[in-house]
Structure formats: structure tokens, C-alpha cells
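Structures incoming, each one as C-alpha cells.
One chain, subunit A, links the two complexes that follow: it is found with subunit B in the first and with subunit C in the second.
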Partner chain A sequence: MDISSGALIKSHCVGTIAVVYASDYLNKLTGEKIERECRRQLDSGCRALVIDFADTQLVNSIGISILLGIIDIAEKNGAKVIFADVNNQTVELFQMLGLTRHVALAKNEQEALSDLTHPDATPTIH
Partner chain B sequence: MTSSSAIDNFRRVFGRVPRHDFIGRTSEFERVVEQASSANAGRGLLLLMEPAAGVSELLRQSYDYLFNRRSEVIPIYFAFTRHETTAVSAAIEFLNSFLQQYIAFSRNEPALCHSTLTLQDLVELAPPTDLAWIDQLVQTYSRVRFSNDNKELVRFCLSAPQRVPPRAGRPFVMLDGAQLAEDMNGSVVLGPELLRVFSRSGSSFVLAGLRRQVLNAAREAECNFESLDMLRLQQLSTEEAHLLVDHVALRQQVPTSREVRDLLVQQFGGSPFFISSFLQAAREKNTALVSYLDCERLYVDELLGGHLRHYFDDLLEEMAPTLELRLALIRVLWEAVTSNEELTSVEAWRKRLQVAAADFEGILHHLHIYELINWSGPSADVTTGPQPWKDYLKANYRLNILSEPRALVVADTISDSLKRAPRTMARHYKELERIGLREVLNQFDCQRVPDVLFDYSGFAEKYKGASDNEIKSGLESETEFRKLPQTVHVASCSSFNSEMRQVCEAEKCVVAHCFDEGTYDDTQEVVWFVAYIEAKLEVDVELATIWYDRFDSLGQTLGIGRQQIWLISNEGFSSEACAFLAARSVATTSKRQLEILLNQIGDASQNAPGHLNNADEFLIVVPMGEENELLAANTVEHIARRLKFKPAEINQLKTAVVEACINAAEHSHSPERKIYQRFRVESDKLVVTISSRGIVPTNVGSGSISSSTNNNDDVADERRGWGLKLIRSLMDEVEFERVDEGTSLRMTKYIRNSAG
Partner chain C sequence: MAPSTQKLVHTFGALADLGQEVANTGDFSEMVRTSMHLLLGTLALRRGAVVECQGERTLSCVAVWGLEETLLTKFEIPEAEELEILEAAAPALLVGNNDSGFLRRYESLLSGHGIELLVPMIVQGKLNGFVFLGGKASGEEFSSEDFETIKAMVRHIGVGIHTHRLIEQVAQRAEENRRLYEELRAIYRATVKAFAAAIDIKDKYTQGHSERVGRYSEIVARELGWGEDEVEGIQIAGYLHDVGKLVVDRNIINAPYQIDAKQSSELNRHPLAGYEILLPINHPYADIPLMAKYHHERLDGRGYPDGLMDEQIPLGAKIVSLADSFDAMTTDRPYRRRRSFEDVVRDLRQNSGTQFDGKVVVAFARAILKEVIGETKERRIIKMLGKGYLDGDQVPTLLKDLIADLENTPRGAVAG
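Moving on, here comes the complex of A and B:
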């Protein structure tokens, strides 16, 4: 498990898949940290991103707009993105703002990794 | 004064009536007494009095209370009188009164206040501990008195209270009749001098005078208004005035009937001065006041030769010293009153009075400060002034200008007064149940109300014959709302076009200048033309057309850009009239609808976040940034848990609050960088208001907001503006409140019954 430099964003790599952990509050600051970490992982050769929201209690619209930016960046890099362990309230917000049209959701990190490792399986949307 | 012994020991010093007979003015009395407290040290209280509103007894009662309280506050009451003709003589009289009252208080001998004492007598009466400074004061006075410097002498006398050593207590000076100080001859203008001395004395004081004059004097004296408080003293309310009549009549042993009591209150406009003088006259003449005839006979006696006449004679004498000038003044004033013109050119008066410009200005100034006219530049409104003043003018005009026989004038005046009495009372009774359009329009402040309240046809279709409860519940489920504008000015139509006076009463036809959304720009400016049409049946299309044409034409004459016509009638409008008016976007309302509207506006105002008004309201203020929105989110979470909101709903509330805080921080450009959060708990809902000062966003009320200076080009910003969308999705009701600057977003979430 790597600790991204200068920030409290945790991440680790499973093969060419990077798993990035969102903090308890997803706002501009923490969103930008996730974005930076995702860019770093993509630059390092990762071909897929899993963003784990297991700790995330609250998100705001700026944080969500940054997530959309990350999806754009991943798309341009030919990388897949899966959001894992998103709580129901946050899923509701993602749906309201159309995020779920652009990203797959997985029940947890394992499921996300499994989906990416076995691309034929359909990711679960909670 | 709560114990019976304290009441028993209470001594009247200056009060003309016992404390329990001093009716009304409770809050004003408390305020004057409070002014004497050490917390108000160095502050002055200006009592701005409506003419004849009776301030003297208020000050005398305050004096007596403070005298009997025997605290460190030494009350001093000084009333300017017409007997003092110069500033110097008034100032000397003040010095004498001050020393006399100081010694009376020190020795606890109220009777000394009324003794005739020389300065030397006062030195001899001074308590040993005060002898040194009083003796010194008198000696210095003797020297200054003959120095030929009147200004210094006046200042010396007025500043006497400042010479009281702190150990002896704090003098609290109450000056009564400041308007008279203005009329004193000599090289010193006493009014502003008084204010200069007292406002810089470091002591608290009260200065009572006519409201139109005292403020001018304070400006002339270049007073620091930050150290001055103001209390406006108007006529008594109807209820207080009734009580006053009952008390005074009982005290003066004048039999009265309820009918006469009510008439007196209306005829004298609730003036304690006129009412008390009149009842005193009844006692002097041993007259019972049990019928209108008793009342009006005495009234005319008073007008032509009693207290009322002396009061107005004195006023006229102040402004017009010669008989010739007074008669000329009576002539021009009465002829102006009867001219049917609301505004009269004062230049024409000057020519007829043949007085120098400065003297003429003095006359206008006096008439204005006593509110007998409203003088503004080249014109004056003579329709103002109390009824007794107009009766006085008329009677004197007939007697002294037209030289009509006195018996005829007396008979006619009694007859006129008697004929007027039922009309006066009828107007009062109508007034009691009247819905004042000015008051209605003045309450418009961006409230949201069901649109059907402005659509008689729709209202009648849904609610005609429905009970109050049915209407109430029906309105609660209305989906079409109208946001009222914010009213900035209301005046009668006749103020804009005098011809309108011929077609309706001033209070039933008004013009209101407003702004939609409370946003002060040209596009939101709108003028409402409103009429209350008195009709016993539904207004027909002919009458509706007349009113529409009338307002439409007035709008064109006045060059109004955007206008809204609103017609109100007791019983609504016929179908044909409704169709005609609806096609022209005219709002139509019946009396029933108007009553409901008033209730709704009142409720909305009550709910508007102003002051914290109960225990179910919380206010927190946090600095912008540093993720402080989480503090607000945590607060709302705690409150929502108490209200048993479901976890998902709590999360929605938290997210909405966070978004509102972010919006406030991003768009307001607030210089103070603070976010105000108000949480109000109601039986069925939680209302959260997030406010900030700063820039008003350009498109408040639309789907998103942005500040006019926002020119970010970050890609992420393109996706921004989602905050309000989220809030609207998460909360049940979302509304921007009208604020002068910044934003104030009110969000409501209802508590669902199934919550658990």
C-alpha cells in the first residue's frame, strides 16, 4: 500500500489496477487530492482505477464535479474507472447529477477488482 | 414602589395628578426613568413630541418618581415658559430652579421646590457638605452676571449641574418645552445652546419638544447623534384616551356618558392636552357631558373663549406678534383650507401678508413645527392640523374678517359640530373594521402566497361557500404561487393626481412603488395601482372598465414603465368583469380573499428569520472556509436526529446545508467572510436558513446562482452550479429570501409521519 506524497490519500496497486481511497468528506480539497493521485497512478502505467468510498460519509457538488473530471482523464488514458463501496445516499447524489451514466459501481473493492480482472462480468450497480 | 408603605410615603412634587391617574405612557415613563440610570451616563434622550401630545406630565411624573426613589440620581425638571422672553432670563431661571431642586432633594423637602427663594436664601439652605460648591457657584454667577457677555452667562447657568461634586450624586436634567427656547429674543439662540451644553456635559438628560423642531436644533448644535437616543411621543391610542377621559372626568367630577367619551377622543384625536383641558373647562363651568349637545356647546365655548382659544391664540401670537398680522394670517390660512387645493403656493401668502422674507419664513416655520401645515419649499399643505384648529380658524375668520354677528357664528359652529359628530364617529367605526390599503401594500416583502388570492374567478370557483377550514386546507394544497414584490413607497392616488380625489377616498386608492424579488434594478421595478371598490354586489364589467381605464391612463400620465393593477371589492367581480380584467392581467380580489392574504402575509412575516424568537431556534455563525460547513452539517444532523428524521433524510439535510454554505462562500464575495446559519424547529418541519453578506447574485431565484464577478474558466467550474440543483432535489422547499446584500437561502424539510 502506498501513501501518496504530501497527502493523506491512501492508494495501492493490484497489477495494473490502482485502488485509491476517498476520505470521509469528499470536497474540493480531498477531491483534488484524489485527482492528483489518480493522475499519478495513470502516469505510472495503471490501466484501471478503483476509487473506494468505504470511508466517505459526505460529498459535496464540487467533489462530485472533480470525480467527473477524473472519469474524463481516465477515459482519455483508455483506463476504466469503478467506484466501490458507495453508500446509498451518495449513490443518490451521483444519480441526481448524472455521474452513474459514466461510471460503474461495485459493492466493494474486491468486487471492483474482480470486475476489472474479469471484464465479461457486469459490474453491480447498487 | 411596590410596598404599601412606599406608596403611602410617595409625595407629589411636580406631578399634577396622582400616579394612578396618569394614564397611558407607561413605556415612555419607564424609558425616561431608565435614562437616569448609570448605564446611560453621558447620553441624552430627545423626546420628539407630536403637538399637544402632552409631554409635561410625563416628565413631572418621572421627576416625582426619581425624587421619591432617593437614589444617587438627583432629578431636575425645568419647563420653559412663554414668560421668559430672553435666553439670559431663561438661563438664570434655570440656574435658580436647579439649585432650588438640588437643595430640596438633598434636604428631602419637596416643598422647597415651590418656595420663592433668592440665590442667597438657597446658599443659606444648602446642606453643610454642599455649602462650599454652592457658595462658589453663586459667587461666580454674580461675577459673570455683570460681565456683559450674555453667551458666557447662558452657558454658565446651563452648566450648573456639572458643578455638582460626584460624591453628592448625579443630576438628571429634564427640559420641557424646547420649542419655546427657540423664540427667545437676544443675542443667544437658546435651543441649540441647550443641546450644546448638555450633550457635552457627560451627564444624562432629557430634552422634550416638538418633533419637527428638536431634531433640527440637535443638528444645528452639531450634536453627536451617537450619544443621543430618541423617543417619539404620539397621541394616545383610542383605548388609552378612553381611559384618560374616564379618569379625568372622575377626578374633575364631570358626569360623562360613554357616547360623549368616545366622541371626545375622536374629536380631539386622542390628544391628552386637549382632552384634559376640555374636561377641566367642564368642571370650571359645572357642565355635565352626557350628550353630544352638551359636548359641542362646551366645545364652541372653549373655541371662542376658553382654554382652546387661548392655546391657539398663544400659538398665533408667537408667530404673528401684531393683531393686524394675526388677522391677515387667519385670512390666508382659512381661505387656503377652503380652496380645495391640497397644496398652496406660499409665495402668494407672503404677498398677502406683506411681511419681510425672514419674518415670513419664521411664520411658516412655526406653522410647520406645530404641524398646522406641512411646509415644503414653495408650497404648503393646509389640509393637515387638528380639527379644533380648523374650527378656530373658521370661527375667527367669520368673526374678525367677515365681521359676522357672534351669535350667528356660535350657533352655526355648534350646529356644524353637532352635524359632524355622527360623521366623526361613523368614520371611526368604519376605521375600526377598515383594511387599510397602505398597510396592506406596505407589508409586501417578497412573500409567497397562493396565486388564487389575486384571481377572484378562480377563488370563487374553488372556494365559494366553503368554510374557513376548508379554504385553509384548500390553500395549503395550492400549487400556483405568486411572489409578492417588495414595496418601497405607498401613497394615495390623489397624491399623484388630484383628480383622483373626486372618485374615491385617499385610503381606498393607492399607488405602490415596488421591486420584484426585492432586487433594485430597472427590470424588476413595478408600480402597483390598487383600488378598494365599495360595492354591495359583485363589481360589474362597466365599473371594472372604468377603474381599469382610470389606472391605465394614470400609468401613462405618470410615465410608468411596468405596472400591475389590483382591484379589490367587497363581494368580488362578475364573470364578465373577471374575464375583462383577466385579459388585461389585472389582479382581482374580494374582501374575503384580502383577509386571507393578510393572514398569509402576517404568517410569512412571522416566519421570516429576524430575531431569534423562541427556544426552538438556533443560530450559529462560522467563518467561511476551513471546511467549516461541516460544523453546520453536524449541527443540522444533531437537530434532525432529535426530530426523528430518517438517516437518509439526515444525510440529505447535511448535504443541502453544505451546498448552501459553499454557495454563500463562493458567490457572496463577503468582506467579513462569515456564514450565518439559522435552524428553526417547527412541529412538522425543520427550516434552515443560510445567509451571508456581500454581493447579491445576479440571478437569485433561477435554477442556479452566480456572482457578476465570477469569470472562472476552470473546466471543473463548468460542472459547477450544481449546488442549488442538489439542494432543490434534497429539500422540500427552497427559497431565496430578499436581502439587501449577499444571499439568504431558506430550505425546509418536512418530517414524514413514517419516520422512525
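Moving on, here comes the complex of A and C:
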């Protein structure tokens, strides 16, 4: 497992699945870094993205817009996206705004990887 | 948290961020892009663009998200279609459900790329552009609350763009004015130099005197640490210090002998005449008439026209006075050859504190010394004095001794 680190964004790959770690506050600065990292992973051949929100306390409007952009890019690349370890408040926000219509949520990274590595299983939405 | 409360918190947070963003006077494109992101993220819209009216009846895309940029480069909007939008005053035009001429023309293009709403950006009664918006990620239709949010945020964005453009225009005009002002100053300087040459032509023995006095004065002022504007000003004062000679009889100016008392009195009118000539002119630099008027005043009160004492004489006039005397001593005159540099230094030492201000003499000596010992690449004084004049081995010592003597003597007065 290879772990690389940008200024704030960590990521690693499990096969063709990229796991990207969101920071504590998903705003313009950090959102754009996550977007760049996701693009980089997709360009280098990843077929699925797991964005891990374990450290994320808050997502603002720009963060939402950037996540929608990542979903768009992934769809265009034929890649799946799973958001993992999202706190309750952010889950409510994602549900209210309709993001959960386009991505699956997983309790944690392991569950996300499991969902993606067993393609017949339906991704979990909590 | 109840969903409605959470939505309000999310929207208020976005509005607060947007307020900060549009007030940011930095990068225009970044401001528009971030503002659009805030709007899209508030309602979770998957695509959008901001198009701005640029030039005559043309709309250009200034920010885009989730759309192909090439699609949204240019839109035409005839005056009638603009008026139609302004008169309808609708907060948003629904693609596929609006009779606007503009929308009809671009409907298939826009709907083909998932655009559902066109929101006019109207600022001060003028159409500044549109925000194009795609559908909500939730798949729901836009609610009346959504329209209110969109209206408020697009108004912010419109005002932000308008303000940025105004600031750009102001900066552009300021730059134009600065350039025009520079051109005017250059014309003024060229005119003054031409005028100085005209003054010197009247005196066939001192051609180039006014220009040299201007340059020496500038060098001394710079050595004294004056600002760029003041340095330019004193250079001009140097060029014009003898303008009053234009009213003095040419035969007196060009007399190849020592003039008598009556002729001397006539010649001594020139500082006051110069002041009167220069006073009505609106110079871009301060005190030029006064520097011409007082360039023959002395610290001991024995100068003319007013017999002022040390502190009463403006520093600029003291500088021009030294530059004038230095040039007189270092150039040939009809009745004598120029003096040796050693003799000139002796004169400066003897007359510091009575005729010349010691601080000014020290500054001039320092400037000459810097050129002589190669501390500066400039060779302006050496060039003006001509080849060989400052070549003697004793020159640096003469200057260093003069500086030391004047710095150690109160008011610069040194016994000969």
C-alpha cells in the first residue's frame, strides 16, 4: 500500500481503488486539493474513489460544489465514488442537498473497500 | 438539527462567504469562479456559468463549472432582447418555459448542456450578464426559497463584478492620467531646457551655464537625500535661475571687461526679474521662482536682492547659489581663464559660512569625491568639468580635507 502526501491531502491506492483523505474543514483551499488528487488518481487509472471524511468536521458550500465536481469527473471516467466515515451532521447535509443520490456512503474505509471489491454487493447507504 | 434549520445555516454560511468574496478586490476571475462555486454549492447544483456583457451586445463566459468551456464563449444579445429582459424583471428565466427572445435563440444549446435556469444580473438598471444554472443534484425542482436564494446570491455576484470593473476602469484612468502627466512633465522639462539654452545664448561666454547649474544642483540635492520630485524641481530651478538676464542689456552681459557700478546694478536686477517672470507660471515643482530670486543671497546678509540672512534663505536657493558660483569659477570668462580646482576648493573653504552653506558645500564635495575615487559609476561632474580638470593626485585629498574641515566647524565657517 502506497501512501503519498500533498500539502494536506493524503491518499493511497488499493488495486484500482484510490482512497483520498479529506481534511478537517472542506472548503475552497482543501476542496481544490482533494479535487486535484482525485483527478490525478483517475488519470493514473483508478476505477473507483473512496473519499474518507473521518477527520472532516465541516463542509461548506464550496466544498459541496467541489464534491459534485468530483462526482461528475468520476462519472465521466466510469468510476464509482464512495464517501466513507462521514459524521452525522455532514450526512444530513449531503442527504438534504441530494449528494447521496449520486454516491454511496460507507461506515468507514474498510467497508467502502469491501463494497467496491465485491461488485455484486449493493453499496451501503447509512 | 431539523433539515430546514440546517438548510438555513448552510445558506447563511454561503451568503457570508459570498459577501467576503465579492468584496475581495484581488483576482477578478478567481472572485467570479469562487462566487459561482458558492452559489452552486448552496443548492447543490451540478453545473453553472457566469457570462458577462462585454463590449457592444456580446456576452462572454467569465466562469464555468461542469460545462464545456468552449460551449460558452460568446452570446449575442440584441438591444430589443435586452430591453425585453429588463422590462420583464423576472428573477430567473426557466429554459423551455419562457418566451424571452434571447432564450428562444439559445434554448436548444443551453438545454442540451443541462442548463435549466438563466438568472439575469441586473445592476443599476442595466443588464450586466447572466448566471446559467444546471439542475439540483437532488433532482428536485427549484422551490420559491431556492429562487430567493439564487436571486440574492446572483445580485451579490452582479454587484461584485460591476465593482471590479469600476475599479479596473478607475485604475486604467489613473494610469492614463499618470502617463499624460509624465508626458506633460517631459514637455515642461524639454521646454525649460530649451529656454535655458536661449538664456545662455544671450551670453556668448557662458553657453551651457544654466544647464550645468541645473545638473550640479540636482547632484547636490540628491547627495543631500532629497526626494525624486524635489531633485527634479531643483534641476529646473537651476536651468531657470538666470532667466531674469533676458531683461538685462546684452552689452552688459557680454562686456569683455569688469563692469562699472551702474552696469553692475543693472545686472543685479536679474534675480528679481527672473522671479517676476517665473511667478505667474504654474510650475509642477515648488519654489522655483524663489530659488531664482534668492540665488545671489549670502549667509552673511551681504547678498541681493533682499540681503537675507542664513536661515531666511531657502535651502534650494543655497544649492543653486553654490552651483552657479562653482560653474562661474570652473569655466573661462571673457576677462579671465577658469581657476584651478585647488583654487576653487580654497574659495569654497573660505566662503563657507559667509557666502555658502557649509552643509551644501560638503554634499557637493562628497558627490565630486565619489566620482573621482570611482565610488559611483556616474561621471557627470567630471564630464561637465572637462577632461583632465580633476585628474590631479591631490584632488581626493583636497576634497576629503574640505569635507573634514567643514564638518568639524560650526555653520561651516572656516578661516582662510
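The rule we apply is simple: the second predicted complex is superposed on the first by the 120 of 126 C-alpha atoms of A that agree within 3 Å, B and C clash if a C-alpha of one lies under 4 Å from a C-alpha of the other, contacts with A are read in each partner's own complex, and residues count from 1 in each chain.
Here is the rule we use: a contact is a pair of C-beta atoms (placed from the backbone, for glycine too) under 8 Å apart; a residue touches a chain by one contact, two chains touch by 3 or more.
All values derive from a computational prediction rather than experimental measurement.
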>> Both complexes share subunit A, so when I overlay them there, do subunit B and subunit C fit or clash?
In response: clash
> Just subunit B (first), just subunit C (second), both, or neither: which does A:Asn60 touch?
Replying inline: both
>> On the A-aligned overlay, A:Tyr25 touches which partner chain: subunit B = first, subunit C = second, or both, or neither?
In response: first
>> Is A:Cys13 touching anything from subunit B or subunit C once the two structures are fitted on A? First, second, both or neither.
In response: neither
>> Contacts for A:Leu68 in the overlay, against subunit B (first) and subunit C (second): which applies, first, second, both or neither?
In response: both
>> On the A-aligned overlay, A:Met96 touches which partner chain: subunit B = first, subunit C = second, or both, or neither?
In response: both
> Between 39-47, 417-425, 723-731 or 741-749, which subunit B stretch has C-alpha clashes with subunit C?
Replying inline: 723-731
> Which subunit A residues lie in the overlap of the subunit B contact set and the subunit C contact set?
Replying inline: 60-62, 64-66, 68-69, 89, 92-93, 96-97
>> For a test of understanding, state which residues of subunit A touch subunit C in their complex under the given definition.
In response: 28, 60-66, 68-69, 71-72, 89, 92-93, 96-99, 101-102
> For subunit C, which residues count as touching subunit A in their complex?
Replying inline: 1, 3, 6-7, 10, 13-14, 17, 34, 37-47, 65-66, 136-140
>> Residue numbers of subunit A touching subunit B in their complex, please.
In response: 25, 27, 29, 58-62, 64-66, 68-69, 88-89, 92-93, 96-97
> Which bits of subunit B are touching subunit A when the two form their complex?
Replying inline: 627, 629-630, 633, 648, 651-652, 654-655, 658-659, 662, 715-716, 719-720, 722-723, 725-726, 729
